[in-house]
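Reading through the structure tokens given below for one structure.
By written order: A, B, C, D, E and F. Residues from 1 in each chain.
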Amino acid sequence: MLQGSDLACVRGDRNLFKAVNFILKDGGLMQVNGPNGSGKTSLLRILCGLSAPAAGKITWNGKSVRTLGEAYYSELVYIGHLSGTKDDLTALENLRISSAFSGENISEHQAVEALVDMGLGGREHLPAKVLSQGQRRRVALARLLVSKAKLWILDEPLAALDVSAIQLVKNLLERHLKENGMIVMTTHQDIDMTAASIVQLQLT
Amino acid sequence: MLQGSDLACVRGDRNLFKAVNFILKDGGLMQVNGPNGSGKTSLLRILCGLSAPAAGKITWNGKSVRTLGEAYYSELVYIGHLSGTKDDLTALENLRISSAFSGENISEHQAVEALVDMGLGGREHLPAKVLSQGQRRRVALARLLVSKAKLWILDEPLAALDVSAIQLVKNLLERHLKENGMIVMTTHQDIDMTAASIVQLQLT
Amino acid sequence: MAINWYKYASPASFYSLAGRMIPFFAILAFGLLVAGLYIGFFVAPTDFQQGEAYRIIFIHVPAAWMSMFLYVVMALWAGIGLAFNTRLSSMMATAIAPTGAMFTFVALWTGSLWGKPMWGTWWVWDARLTSELILLFLYIGFMSLQAAIDDPRRADKAGAIIALVGVINIPIIYFSVQWWNTLHQGASVSVTQAPTMASTMLTGMMVMVFAAWMYAIAVILKRVRVIILERERHTAWVSELNERGAL
Amino acid sequence: MFFWIVQRDLLLAMRRRSDVLTTLFFFVIVVSLFPLSVGPEMNMLRMMAPGVVWVAALLASMLSLGRLFSNDYLDGTLEQMLLSSQSLSILVLGKALAHWLVTGVPLVLMAPVLGIQYDLPVDALFVLTTSLLLGTPVLSLIGAIGAALTLGLRGGGVLVSLLVLPLYIPVLIFGAGSVEADMAGLDYDAHLSLLGAFLLVSIVFAPWAAASSLRVSME
Amino acid sequence: MFFWIVQRDLLLAMRRRSDVLTTLFFFVIVVSLFPLSVGPEMNMLRMMAPGVVWVAALLASMLSLGRLFSNDYLDGTLEQMLLSSQSLSILVLGKALAHWLVTGVPLVLMAPVLGIQYDLPVDALFVLTTSLLLGTPVLSLIGAIGAALTLGLRGGGVLVSLLVLPLYIPVLIFGAGSVEADMAGLDYDAHLSLLGAFLLVSIVFAPWAAASSLRVSME
Amino acid sequence: MDWSNWSEFLAMGGYGIYVWGSYLVTFACVIGEILLIFKRRRTLVKRYGQIFDANGEDTSYQDDKTAV
């Protein structure tokens, strides 16, 4: 269970948000909505523990994520604006290495399978820098296919994807939710998701 | 009039497209569609003269763009995946300088107005690096507001924008078309545009 | 005639032409090498100043000359490739670089082995030696730049620019002797020797120079053939050759 | 347009004042490292001085080459410059000038102070400063070619050194040589005029070569 | 995990073999620059040699620091590493080891050859190599702290020098000092044991400091 | 000519190590260079065999298309 209580975020001399409260249960989806610059990315980074909130605290199963540290990280996958793909490594290597970081050593076979599922079949061995914007994004998202983490935090996962890829990702997310996973995500695109519980968090 | 005849593009050992033909007239819009990795970005860069096609040629008012060179560039605005915004400069400076590159020296007043129109009022003097993804994109697009160029080439202009910004950009594009401008664009999002003539180019 | 030239400017026909020329140059190189070594070790007399150590000259001088000459030729091909967008010339430039670097290294190595007995030190920071070292860096720079770029077309053009800019260093190698006081001898061997004796040495040296030339041509042609294959793998003629088993 | 570029690059440098300062401190630190590692004999230090100052200037200038185009490349500004209605050579010249103003000029101003640390006589200091004044713009100009060629290549920072150093060497030899000539009581005019000639040649050719390299790198 | 990191970084280095080579050649070129600018007297060169080689090794190692984290930072891998379930210090140690294998080891191997150019006697060459073998890992480890601290700062490449050079200086002094002691016929053991001590201390503390710096830089 | 025996030839008047050191390294370089080229070529030809085998269907497919 991920819980945020009374979260506030200050950037420069601007109060992005305050008194943000939410509870996210197993199988629950939280969509963070709001116009450009309303603080969605900032909130997500706070949830990951990448930056500290100005006030309030975040707990994971009742314990503060700050004190949990690595125990929390091992249950978490964060995919941000930047896709974390290495220009010089191939799609395959990128996937295997980024999975290894979250403690999941996947075999080459598994990785190839995930890439093929993401529509990158035949491009596994191309260096990421020659891939198109959408393909790079797919490589990053392929991590979700092989991840065993419970909590997915996704910042605009649909950006740069074409229609078929969006459908793919949507199915993937719904499967994760069905398997009792949790998702926090932002997106500016309309996407209808079914989930046991959906929290809509509106930032302004 | 922008005309492409028999264009082909090869990347690595992959033929992205060949025999692409189109004619774009004054007031015309060309939408380049296709799934991820189908070569949209590659085509747009070729149209700008940033890279050379493997075969075929592009003419602007009957003359090859390769020989026209700077005369062509002065009638062209290209906004790619990367927005060309400098992290360390403020939104205002970014806009003035990027306009200056295309030979349009705009006054501070004009620039502020354009930024306010793009919904960045009150953030003109923030360095671009603290802006949100969508706000950075808005800074880049603000150039269109002050540009006198005839041909706009836009690679996913709507990425990262929120709903209101998309409406804003749509209006802007339609105004340009009405004033006899020409637009070549790609997008994975649905956008209904009215124009004197619309060319749909489908890449596979 | 003109048509002929065009024909051989295409990688496909050059590939087979080069294939036919290689044995000729290789045999010539080998013959000259054997003759040169025979003259060098069994005909040329002992130098009364340097003793037998001078026999290094038979490789040192050819290697030193080739190193400079090949650079100019490489820059020339690269320049032609850049100006006229002819793929083959750029491939020639790429093929020349490793051989040029090899000769440069050999000139440095033999020079330094010669320097120990003659000057009492492996290395001095003398003008000619230093500029030869710079030449090695230029070759390496050219090759690393090309290796760092994946797209062959871009690699060709980028390499051509740096090769052309680097040509400035060739006259520096030549004229630097006048700018510094130098240990390295500028005069040719004949100064220390009676004319008749010197002439056998000189002959030996010149035969070795020709051997080096022929070797360089053979090796470069061989390498350019590989490069052509690498670059033209998607063309019909390569797959045709491949099917005939005639790669 | 030329002035826009220069002004913009200077503005960026001012935003990041640390850049200017760090190049300068790098220069100072390298020059000051040598007495530490070589030992304190004054006579030897004095003989080393011109060489060390010149090598340090060269390294400092070279290290800052990475910034010359790569930032503009990464954020897409360079694409915009290629599509500018202005001649690309002029843009490159502007960027090289800005680079020199930001990295070269502080070195030139600092050199006499460092020279004093090595106990150089006054007229040697003068020659040292003049030679740097003529030589550092050449470094920026030649450097622009290297920076343009290695754009977007991983490890470009070190690759650029490899490409550019051999070309820097003549500048180094005549720069340091002029001071040594002066200290040996010889005439240093020839050295300085050669540096001047290098400067002219590179002003004419380097922007053009760098502009072509940029086009090649951006394909 | 440690091995994953080392292996990954080595893999990246192999992909870009030019990186390894260019650091090495940078080292070679810097060492070769000095005689050019100082002049060819052998006696003086021999005295300068240990200092020059050490300064060059230090600069070469320092310059490649830029690559240590920044690539991982720019493309978001570093964020992923911070979120890794492994101790960050171990990751940093792995990256520093890979950095040393890629940049330090080639320098150590190359140093004797360069020493010959400066006409160093054989036992001085041996001491030089040993001192580099002990000293260069320290450079990589300390460098990791600097690289972590300057992460994402514009002009980091030069800023990192500024932070790291003062910490490098003791290594430089004792490294070059050991060779000079040997050439002066003195005992060099003390110098080398000190270098060894530096190495131990930095293996213990540097990864931890760099890991904390990374967390600070990524906030 | 004036080498009376092998050992004298090898000694090169006391300069053997320098002379033979030069010649040996030179020939090592030459032979190494040749071997490298041959190796590069061999790996290439081997790889092409595979590539073209795999593409066998590909080319026939193209032929079909032009026929239609």
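In this text, contacts are C-beta pairs under 8 Å (C-beta built on N, C-alpha and C of every residue); 3 or more make two chains touch, one makes a residue touch a chain.
It should be emphasised that the depicted structure is a prediction, and the values quoted were computed from it without experimental measurement.
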Task: Each chain counted as touching chain A and chain F at once - done: none
Task: Pieces of the assembly after leaving out chain C, positions unchanged - done: A, B, D, E | F
Open item on the list: Need the most distant chain from chain E, centre defined as the mean of C-alpha atoms.
Closed with: B
Open item on the list: Could you classify the chain D-chain E contact as same or different, where same means more than half of all interface residue numbers appear on both copies?
Closed with: same
Open item on the list: As a test of whether you follow the contact definition, which chain pair has the most C-beta contact pairs?
Closed with: D-E
- [ ] Can you check how far apart chain B and chain D are, centre to centre, with Cα atoms defining each centre and the answer in Å?
- [x] 37
Open item on the list: Suppose each chain is reduced to the average of its Cα coordinates; what separation in Å results between chain D and chain F?
Closed with: 42
TODO: Find every residue in chain B that makes contact with two or more other chains and list them.
DONE: 81, 87-88
Task: chain C: positions in contact with at least two other chains - done: 137, 140, 144, 148, 233
TODO: For chain D, jot down the residues that touch at least 2 other chains.
DONE: 16, 71, 154-155, 159, 162, 165-166, 169, 173, 219
TODO: Spell out the residues on chain E that touch chain A in their complex, using ranges where they run on.
DONE: 1, 4, 8, 11-12, 15-16, 71-72, 74-77, 79-87, 218-219
Task: chain B - residues contacting chain D, complex - done: 48-52, 70-71, 73-74, 76, 78, 80-89, 93, 97-98, 100-103, 127
Task: chain B-touching residues of chain A, taken from the complex the two chains share - done: 11-12, 34-38, 40-41, 81, 119, 123, 126, 130-135, 137-138, 156, 159-165, 188-189
Open item on the list: Which residues of chain C touch chain D once you look at their complex with the stated criterion?
Closed with: 134, 137-138, 140-141, 144-145, 148-149, 151, 153-154, 157-158, 161-162, 164-166, 168-169, 172, 179
Task: chain E residues touching chain D - in the complex, by the definition given at the top - done: 16, 18-19, 22-23, 25-26, 29-30, 33-34, 36-39, 44, 47-48, 50-52, 54-55, 58-59, 63-64, 66-67, 71, 153-155, 157-159, 161-162, 165, 169, 172-173, 176, 180
